[in-house]
Each structure stands twice: as structure tokens, then as C-alpha cells.
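Below you'll find a set of structures to go through.
What follows is chain A paired twice: with chain B in the first complex and chain C in the second.
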Partner chain A sequence: MQGYIYPNEFELRWGLLIVLYPYLTGLVAGAFILASLARVFNVKEVEPTYRLALLTALAFLIVAPLPLVAHLGHPERSYEIFLTPNRKSAMAMFGFVYAWYLMVVLLLEIWFDYRRDLVLTAREATGPRKWFYYTLTLGATDLSDRALQFDDRVGRWITIIGIPSAFLLHGYVGFIFGSVKANPWWSSVLMPVVFLFSAIVSGIALVMIIYLVATLFRSKKVDMGCADKLASFLFYAIVVDFSLEMLDFIHRLYEAEESIEILSQLIEGRLFVSLIVLQIVLGTLVPLISLGVVSPALSKRSIARIPAEVRRLIYLGCAILVQIGIFSIRWNVVIGGQLFSKSLRGLTAYKAELLGLEGLLVAGVLLVLPFLVLGVLVKILPPWPDTELPASPEA
Partner chain B sequence: MKSDSTAGPNRESPATREAVDRRDFLWEALKASLGVPIALCIVRVPELHGMQEEGDADVERIYGMGIDIRKCIGCGRCAQACKSENDVPDEPYFFNTWVERYVIRTDGEILVDSPNGGIDGFPPIEEEGSTLRTFFVPKLCNHCEEAPCVQVCPVGATFTTDDGAVLVDEEYCIGCGYCVQACPYGARWFDPVKHVARKCTFCYHRLARGKVPACVEVCPTSARLFGEVGHRANPLARFLRFNEIQVLKPHLNTKPKVFYANLDGEVR
Partner chain C sequence: MPQQVTRLGIAFAVLAIVFVAVRQTLVPDTFGDAGHYRAAAVDSIEAQPLKYAGHEACTMCHRPIADKRSASNHSGVSCEVCHGPAAEHVAAPGNVRPRAPRERGFCPLCHGYNASRPSGFPQIDPVAHNPTVPCMTCHDPHAPEPPVIPGECRACHGQIASTKAVSHHAVLPCLTCHDAPEEHKATPRAVRPGKPSSRDFCGGCHAEGADSPPHIPGVDMATHGEDYLCWQCHYPHHPEAE
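What follows is the complex of A and B.
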């Protein structure tokens, strides 16, 4: 503790679990927006990652509410948010936004996209597996050209609805923080926009990591056209995200409201490592410069001619750094916003425990869990374009 | 007017007329002095009564608190009484109300402290010579008219009563902590046993029995006053009339109902 804090501020109410929540939902929104690049904007190069991005979004979306529910004082009452939502509360809408995104957008899109594969697998499989896949088709086994065209058309429309929904999902998370006028570190109209673009950055980086690592484990060849395109998009997204963050930063600095002094102390002290070192230098500038030089984002071919193997490694390294950077952003927002007193006269400290519900161990489990879910999903619904499917009799 | 007609017969002599006029005037005055109260009794008073009855039923009763900074001696009895009255944990980081001490140095440095909410008193001021001014500020939930905590509560467990008190339904609170974040005054805390958000209730259980909040009752200098906002005949109304009043963080537009007299601009 340093200076004066209101006595009730001694304990930080939102800990590591609430850091995870915007981090995980950001990955969902980002992965979905990447998928929509292939589907709606017809970016052919990233098609190999289309299904993978959808499944990644679903896996992370399934896990995203867990830290939220776990941190509640009374998780058993959480259903009240659906039954008697306070319409004036930004948080009350979470359940509905989440349900909309899960049910209407992700599940439907995945179902329409996979229906043909499901039917074919159900036909070829035997025993319980056959019934499992047959159940997943929901009985819709028509594989005529008209039916498949319908699948495609509907899938496209769902993606079109899905893009604003993904924006809503994460912009809304930003709004939960940005609308708290009591907290000068959060209260910013840019917060939802910054959240959104950082989500896109993290989503692209995550799918890139999963794609590169999974291809390695499957001993397949990485589609370098795809990897280069992903890297370029990651570069553009970082540029927009970083510009917005800097705009927010400069705006605060220039306005220099009464909170500027305590916020400067916060940045120079408590948040120096997580904000300056991890978020800005390692998480943003290093990947930005590396991708700018290595990827073909700035010119038709990359500025530095680097062999594909090395390029891949650099992409992977950048993507991992970006993840660290985005996690730091969430940390700096959630924890940083509680480290200074609303009296603007002092700073408090936060020490994450190892054990306990809000501890590092639980957080680690919640970070690994989406990958396990993704593993299961990939097993059930292979997303690889090179997967051999049984030949369709109608095709 | 009437005096003219009664004075009529004595018009010949100005002197007599003057005398009669005076007598007449006095008589009229007597009649008037009796008549007005009678008339008021017949017409006005029932009307007033009617308004009062109506007022009790329909006109809003809104509670508020007044705090006179000049009267506060920083004894911390309010914070102590609140803890006992409202079953607030003893740890020094759970308070419905607490007292802050401000020490403003001649060089402009501002020191604020509130050790154990002021319950155990305050340590002596270091380097007293460099002190420009010093004062105590009792703090509590401001029971804002536009309460951010009420706005953000996702399930409506935090609500404003008809008489303006902001309360938490402990049977309903899901314990998300959003209200703790939304309160600009640091007035909310999270109950480590009940796992719900808690705050000052204006001692609502005491109000229901016609008593004032515990902190008001124990204040030895009457630095705290409790009453209804907008009613003329109560101590709070007088306090609001005869003092220059400020509220905390007015720029946030929360419209607090805890009113401070003689509040220093440095107080946040």
C-alpha cells in the first residue's frame, strides 16, 4: 500500500479469474472473425484454418463463462441473471449475448458447415459411432445438390450475422469496463473498440499457433500461403489495435484530468512490467516489427527473404508473444483498474495466490481446458481440409 | 372603505374625526386580530391539515444525512457504533462508515489517513509546524439518487427504496462485485462470510422503528444529522438551509444524499 486508499479498497474484488474472462471471450470473437474472412470476404488463402477457427471459437466459448461463474459469491444464484435481469445493467445482458452467440451463431454455423461430413461419416461408420453421428445430423441426411447449396447459403448468412455478433460479444465485454464512470482507468469510450481489436489480434494469433503446432504434430506440410496471409492479417490487426491504444493513451495524457497523477504512478510502478515490458514492447512492438519485416504484409513478398522453415518459426514466436501481450492487456485493465484508490491518493497491491479458487492453479487449468475441449471437438469434427472423407454417392 | 362609512357622522370636526377614526381603527384592528385566526382556523388550517395528510401519503419521503465537517472531532465513535449495530466484521477493511483525517501542509502536500476507519483514534500529526489546516471527514454510502451501484447490479439485488435508501437484498445478491467497482466512493465491501456485497443502510432497521442511524445517535458533537430531504421542519432541513452545502464527486452526477457543510475542496 502506498498513499491513502479507502479502507474498503484493501481487497481487490476482481482477481485472476476476471482477467481470464475477457481474455477467453476475446479469443472467441477473434477466432470467429478470422473464420469469417474465409467465408464472407472470400480470402481463399486462409481457408485451411476456417473450420479450425470455428472449432477454436466454440471450445473457448464453452470455457469462457466458467471463470465468471467460479468467481461469484453465490454461483448457485447465477441463473437469476436470466430470470430477473436488471435491464439497466451492462452485465445483465451477458447471459443473453452469450446464449445468442453460442446457439444462434456458432453452433448453427458449425452444424451447417459440417452437415455433409456428418451424414457421410454416419453412413460409413458402424455401431454407436454411427448413431452418434446420425444424432449430430439431427436427421437431416439429404445430400442433394439443392440441400448442400442451401447449407452453404445459410452458413454464409449466419457468418454475416455472426460478424456483428462477434463484435457485440467482445465490444460488450469492453463496455462492462468502459462504462464504469467511477474508475478513470476503465472509463473510456474507446474501451469496447480497443477490446474488439485486441480480440481480433489474439484470435488470429491463437488460430495461427494451433494451426502451426497441429500441422507439425500431424506431420503435414504447412500451407505457407495460408501462414503468410495469417501473418499479414495479424500485422494489420496489431497496427489498428496499437494505434487505438496509443490514441487512448495520448488522449488521457493530453487531457491530464485529476486522475493523471495516480495513473502515471500506476504505470511507472505497479504496471511497469506488465504494461510497458510485456504488453507494449514484447507483446506489440517486437511482433509488429518482426511481422512487418518477415511477412508479406507490407509488400508482395516479404521485405527480408527468409526460408519458409524460419519464417514459420518467427510467425509462431510472434503469435506466442502476441498472446502474452494480449493477456497482459486484460491483466492491466482488470487488475490495473483496481490497483489505485478511487480517492486517487494511493495504490494498493495484488498478489495472485497459487492455490485457491482465484489462484494461479485454477487459472492455469482454465487456460488449458479450452485446448482439451478443442481436442475433443477436432476428434469429432475433423477440421483439416486434407482429411479423407468417404465418397459421397450423390456427389 | 369600511372606515370611511363608520367615520361618516363625525365629519364636521377634523379633530373629532381623527379621534373617532383612531377609535374606529382600533376596533377594526381588534376585530381583525380575532377574525384572522378564526378565519384561519375555519378555512386555512384544515387546508393545511389536508396538505399534511396528503403529504404523508403521496409526497415522497426521502431520507438524507447532513455532516458538518467543522463539528467532527474524529473520535470514530460513529464507525464503531456502525460496526456493532450492523454486524460488520472487525477487520480494518470492512466499513459502512469511516472517518478520514486530512492534513494539508503549507507546501500543498495533502496527507490522508484513516487507521482502522478512525475507530482507534489517529496518531499525532508529524511536524505540526508545517500544517496549514487539518480536519476530519466522516464517509459513508451517499445513497445516491442516481446510484451507479443500482444501475450495474445484474439481477437487481441492489435497489433504491421508496424513501431513497440504497439497500442490498442479501438473499438475492449473486456476489459478482460489479457494484463494488461501480461505487465511486469506496462505500461497498464484500462480506467474507455471507459472500454478498454489503454497505451502509442508513440503519434502515432503526428507521423503521422511528430511530435515527446509529452513527448519528452516538455522534457526541452532532456533526451528523439525519432527516428527510425537502421537508422544512426537521434538523436536516435546517442544516441544508443555513449552511453552504457540498456533495462528494459532484462531477459524476450521482446526486448524493449525504450533504456536507464546510467541506474542503481537497476531499475526494
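What follows is the complex of A and C.
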């Protein structure tokens, strides 16, 4: 503790799990926006990741509310948010945003996209597996051209509805923080927009990591056209995201409200490593420059000619750095906003515990869990395109 | 109608029916009658047994102590704040005795040093202040007075004293601006110190043309700061002007 702190500000109310929650929902929204690039905006190069992005979004969406449930306690009461909705509470209405996104957007889109595969698998399989896949088709086994065209058309429309829904899902998280008017670190109309674009950045980077690593383990050849396009989009998204963050920063500096002094102390002291080093330098500038030089984002043939194998590694490194950077953004918002006193005259400190319901261990489990869920989903609904090539010995 | 639509329609209809049925079963009957809660909860809470008796019940039997307390600095602290819920004691005085906290950890709940407590509120550092001695050895909780009347203002107003010590006003004794009768030290709440109530007081040093050294900032008292008192804009314990 340093300076003057009110007694109820010593201890932070929102800890590591609340950092995790916007991080996970951001990945959901970002992965979905990536999927929409292939489906709605007809970016052919990223098609190999279309289904993977959808399944990633679903896996992370399933896990996203768990940090909240763990933080609030009493998971046995969590369903009440649906039974007795409080329409005046933005937090309570999230339950419906979540349900809408899960049921109407993601599950429906995945169902329409996979229906043909589900029917074919159900026909070929035997025993319980057959019934499992048949149940997943909901009995809709019509594979006529007309039915398949209908699937495609509806899937496209759902993606179109899904884009504003994904914006709503993660914009809402920023909205929650942005509308806390008593907190000068949070209260900003730019907050939902900044959250949204950082979500897109993190989602694209995550799908890129999963695609590159999974392809390696499956001994297949990485589609470098796809990886280059992903890297380019990652570059563009970082540019927009970083510009918005800087706009927010400059706006605060120019506005120079009475909180500016304590906020500069916060940035120079408590948040120096997580904001300046991790978020801005390692999480933004290093990937931005690397991708700008290596990927074909700025010129068709990329500024530096680098062999595909090295390029892949650089992309992977950048995507991992971006994840660290985006996690730091969530950390800086959630934890940073609680480190200074409402008196604007003191700073407190936060130290995450190892064990306990809100400790590092639980956070680690919740970070690994979506990958396990994704593993199961990939097993049930293989997302890999049929046209893949096996990895050549020299690749 | 395409087969997919009918099948999905059935699935969603089943979900909707399940949702409505669950809602009908689980939402309490009186939910929403009086707001976003179960109205019958008020009756459930009302039916709970009373645990507190209220200080009037204490006064009926313990009048001398109650009178002593109500004339003391603890006049605003109800009996059950320290002695705990006493309804059972009132019902059966001979069988249930309320607690009388004597451990050292109890009094610092209010009197341990905390920067956010009001200046002048008696606060001590429980580690350094007569370690191991129970508070009651020196202080009577029913009429708490310090055994030794503090000689210096900083004994109670340490926060202000430390702030002032590094300010431009460091050399000014507290009594330059505050008139503090001697009784204030013994009965700080009953006799309050005064503070400047006119602009001219600060003007004595800070008005243009005042008889003060040249490094002391001076202002035109007629136009500066409209009708506000000086301390409504400037913090006299740490004045910001150079």
C-alpha cells in the first residue's frame, strides 16, 4: 500500500478469475469474426481454418462463464439468472446475450455446416456411435442438393447475424467496465470498442496457434497461403486495436482530469511490467513489426523474403506474444482499475494466491479446459478440409 | 418446409417447453410481488428469533453504568456493540451472561490506526502501544479518557501534523490558525477547536501589501477567489502555491 487508501480498497474484489473472463469471451468473439471472414466476406485463403475457428469459439464459449461462476460461488444457483431475469442489470442480461450467442449463433451455424458430415457419419457408423451421430442430426437426414443449398444459405445468414452478436458479446464486456463512472481508469466510451478489437486480435492469433500446432502434430502440410492471410489479418487487427488504445490514451492525457496524476503513478509503478513491457512492447510492437516485415500484409510478396518454415515459426511466436499482450490488457483493465484509491491519493497491491477458488491453479485449469473441450469437439466434428496434403519430408 | 427447419423447430419448442415448465416449478410464488425478490422472504426474516435486546433493555437494570457511558465519549456506542447480542440475557439474566471483551484485539477494531479514519479520532498502533497490557487496565470502556492528557496536537492529529511538517506552513504552530481551548485536550468532542472564519485572517500574511517577507505569495484580496473562504480552495496544511 502507498498513500491514502480507504479501508474497503485494501483488498481487490475482482481478482484473477475476472481477468480470465473477458480474456476468454474475447477469444470467442475473435475466433467467430475470423470464421465470418471465410463465410461472409469470402476470403478463400482462410477457409482451412473456418470450421476450426467455429469449434474454437464454441469450446471457449462453453468455458467462458466458468470463471464467473467460480468467482461468485454457489454454482447451484447460477440458473436463476435465466429464471428470474433482472432487466435493469447489465450483468444479469449477459446470461441472455450468452444464451443467444450459444444457441442461436454458434450451435446453429455449426449444426448447419456439419449436418452433411453428421448424416454421412451416422450412415457409415454402427452401434452407439451411429445413434450418437443420428441424434446430433436431430433426424434431419435429407442430403438432397436442395437441402444442402438450404444449409449453406442459412449458415451464411446465421454468420451475418453472428457478427453483430459477437460484437454484442464482447462489446458488452467492455460496456460493463466502461460504464463504471466512478472509476476513471474504466469509465470511457471507447472501452467496448477497444475490447472488441482486442478480441478480434486475440481470436485470430489463437486460431493461428491452434492451426499451426495441430497441423504439426497431425503431420500435415501447413497451407502457407492461409497462414500468410491469417498473419496479414492479424497485422491489420493489431494496427486498428493499437490505434484505438493510443487514441484512448491520448484522449485521457489531453483531458487531464484530476485522476491523471494517480493514473500516471499507476502506469509508471504497479502496471509498468504488465502494461509497458508485456502489453505494449512484447504484445503489440514486436508482433506488429515482425508481422509487418515478414507477412504479406504491407506488400504482396512481403518486405523480407523468409523461407516458409521460418515464417511459420515467426507467425507462431507473434501469435503467442499477442496472447500474452491481450491477457495483459485484460489484467491491466481489471486489476489496474482496482489498484488506485477512490481518493485518488493512494495505491494498493494485488498478489494472486496459488490455491483457493480464485487462485492461480484454478485460473490455470480454466485456461487449459477450453483446449480439452476443443479436443473432444474436434474428435466428434473433425474440422480439417479433405484437400489437405501430408507434410513432405523436407517441410 | 425444409426438413431441417421442422426438426430444429421441434428441438427449440421442446427447449422452450422445458424452460417454461422449470420456471413454473422453481420460481417462488411471491417472487416479483414487491420487487426483484421473493416477497415472502420478508415474513421468513421476520419469523427469525430476535438476538439483540436494544440499549433500553440494558438501562433498566444497569442504570449507573448506562448513565456513565451516555455522558462519556462512548455515548454513541450502544452496549451490545461490545457486549454482543443480549436478548437471551434479558430473557434469563441469571443463566446467560453477555460477553465482556478483554482481549487486546477488540478495541483496535475501532481505535487501531487507519489513515482513512477522521483526524482527531483516538487511534493507536496496537503493536507499539503498551504491548500485552489489556486496554481496560488504563481505559474505562464506559467512560474512556486518556490516562494522560496529550500535550501536543500531533498526539491525535498525527496525519495532519506529518502533512504540515513538509509544507510551506511547517513553521507555523497549529495555534496560529486554530484557537484550541485547553479543555479540548481532555474532552475533544465537547469542546471543539475553531478555525479561521474570514478571508482577512489569511490576508494577514497573504494580502498584497501585507507586512510579510517577500517569498510569501500575496494576492489582491478584493478580487481573488470571489467570496469563498481561503481554505475552501487552498488546503492550509499543505498549501500548493509557491
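The rule is short, and it goes like this: the second predicted complex is superposed on the first by the 379 of 395 C-alpha atoms of A that agree within 3 Å, B and C clash if a C-alpha of one lies under 4 Å from a C-alpha of the other, contacts with A are read in each partner's own complex, and residues count from 1 in each chain.
Quick note on the criterion: contacts are C-beta pairs under 8 Å (C-beta built on N, C-alpha and C of every residue); 3 or more make two chains touch, one makes a residue touch a chain.
No experiment lies behind these values; they were computed from the predicted model shown.
*Asks:* So if we stack both complexes on chain A, do chain B and chain C clash, or do they fit?
*Replies:* Here chain B and chain C cannot both sit on chain A without a clash.
*Asks:* For A:Val286, is the partner it touches chain B (first), chain C (second), both, or none of the two (neither)?
*Replies:* A:Val286 sits against neither chain B nor chain C.
*Asks:* Scan A:Val239 for contacts with chain B and chain C and give back first, second, both or neither.
*Replies:* In the superposition, A:Val239 touches no partner, neither chain B nor chain C.
*Asks:* Which partner does A:Pro7 reach: the first (chain B), the second (chain C), both, or neither?
*Replies:* both
*Asks:* Per the contact definition in the header, classify A:Ala352: touching chain B only (first), chain C only (second), both, or neither.
*Replies:* It touches nothing on chain B or chain C.
*Asks:* So, A:Asn183: does it touch chain B (first), chain C (second), both, or neither?
*Replies:* Touch partner of A:Asn183: chain B, not chain C.
*Asks:* Touch test for A:Asp142: chain B only (first), chain C only (second), both, or neither?
*Replies:* The answer is second: A:Asp142 touches chain C but not chain B.
*Asks:* Looking at the overlay, does A:Val154 come into contact with chain B only (first), chain C only (second), both, or neither?
*Replies:* Only chain C; A:Val154 stays clear of chain B.
*Asks:* Would you mind checking which one, chain B or chain C, touches more residues on chain A?
*Replies:* Looking at chain A, the partner in contact with more of its residues is B.
*Asks:* Kindly classify A:Ala90 by the partners it touches after superposition: chain B alone (first), chain C alone (second), both, or neither?
*Replies:* first
*Asks:* Tell me the contact category for A:Leu107 with respect to chain B and chain C: first, second, both or neither.
*Replies:* Neither: A:Leu107 stays clear of chain B and chain C.
*Asks:* Using the superposition on chain A as set up above, list the residues of chain A that contact both chain B and chain C.
*Replies:* 4-7, 80, 84, 86, 88, 343
*Asks:* Which chain B residues qualify as touching chain A in the complex?
*Replies:* Against chain A, chain B makes touches at 92-95, 98, 100, 110-114, 117, 139, 148, 150-156, 172-178, 180-190, 194-197, 252, 268.
*Asks:* Which of the residues in chain A end up touching chain C in this complex?
*Replies:* 4-7, 80, 82-84, 86, 88, 103, 108, 111-112, 115, 137-142, 146-147, 150-151, 154, 343
*Asks:* Can you name the residues of chain A that touch chain B in the complex?
*Replies:* 3-11, 13-14, 71-75, 77-78, 80-81, 84-86, 88-92, 94, 176, 180-183, 337-338, 341-345
*Asks:* Flag every residue of chain C that touches chain A in the complex, lowest number first.
*Replies:* Touching chain A from chain C are residues 2-4, 6-8, 10-11, 15, 19, 22-23, 26-27, 31-32, 36, 114-116.
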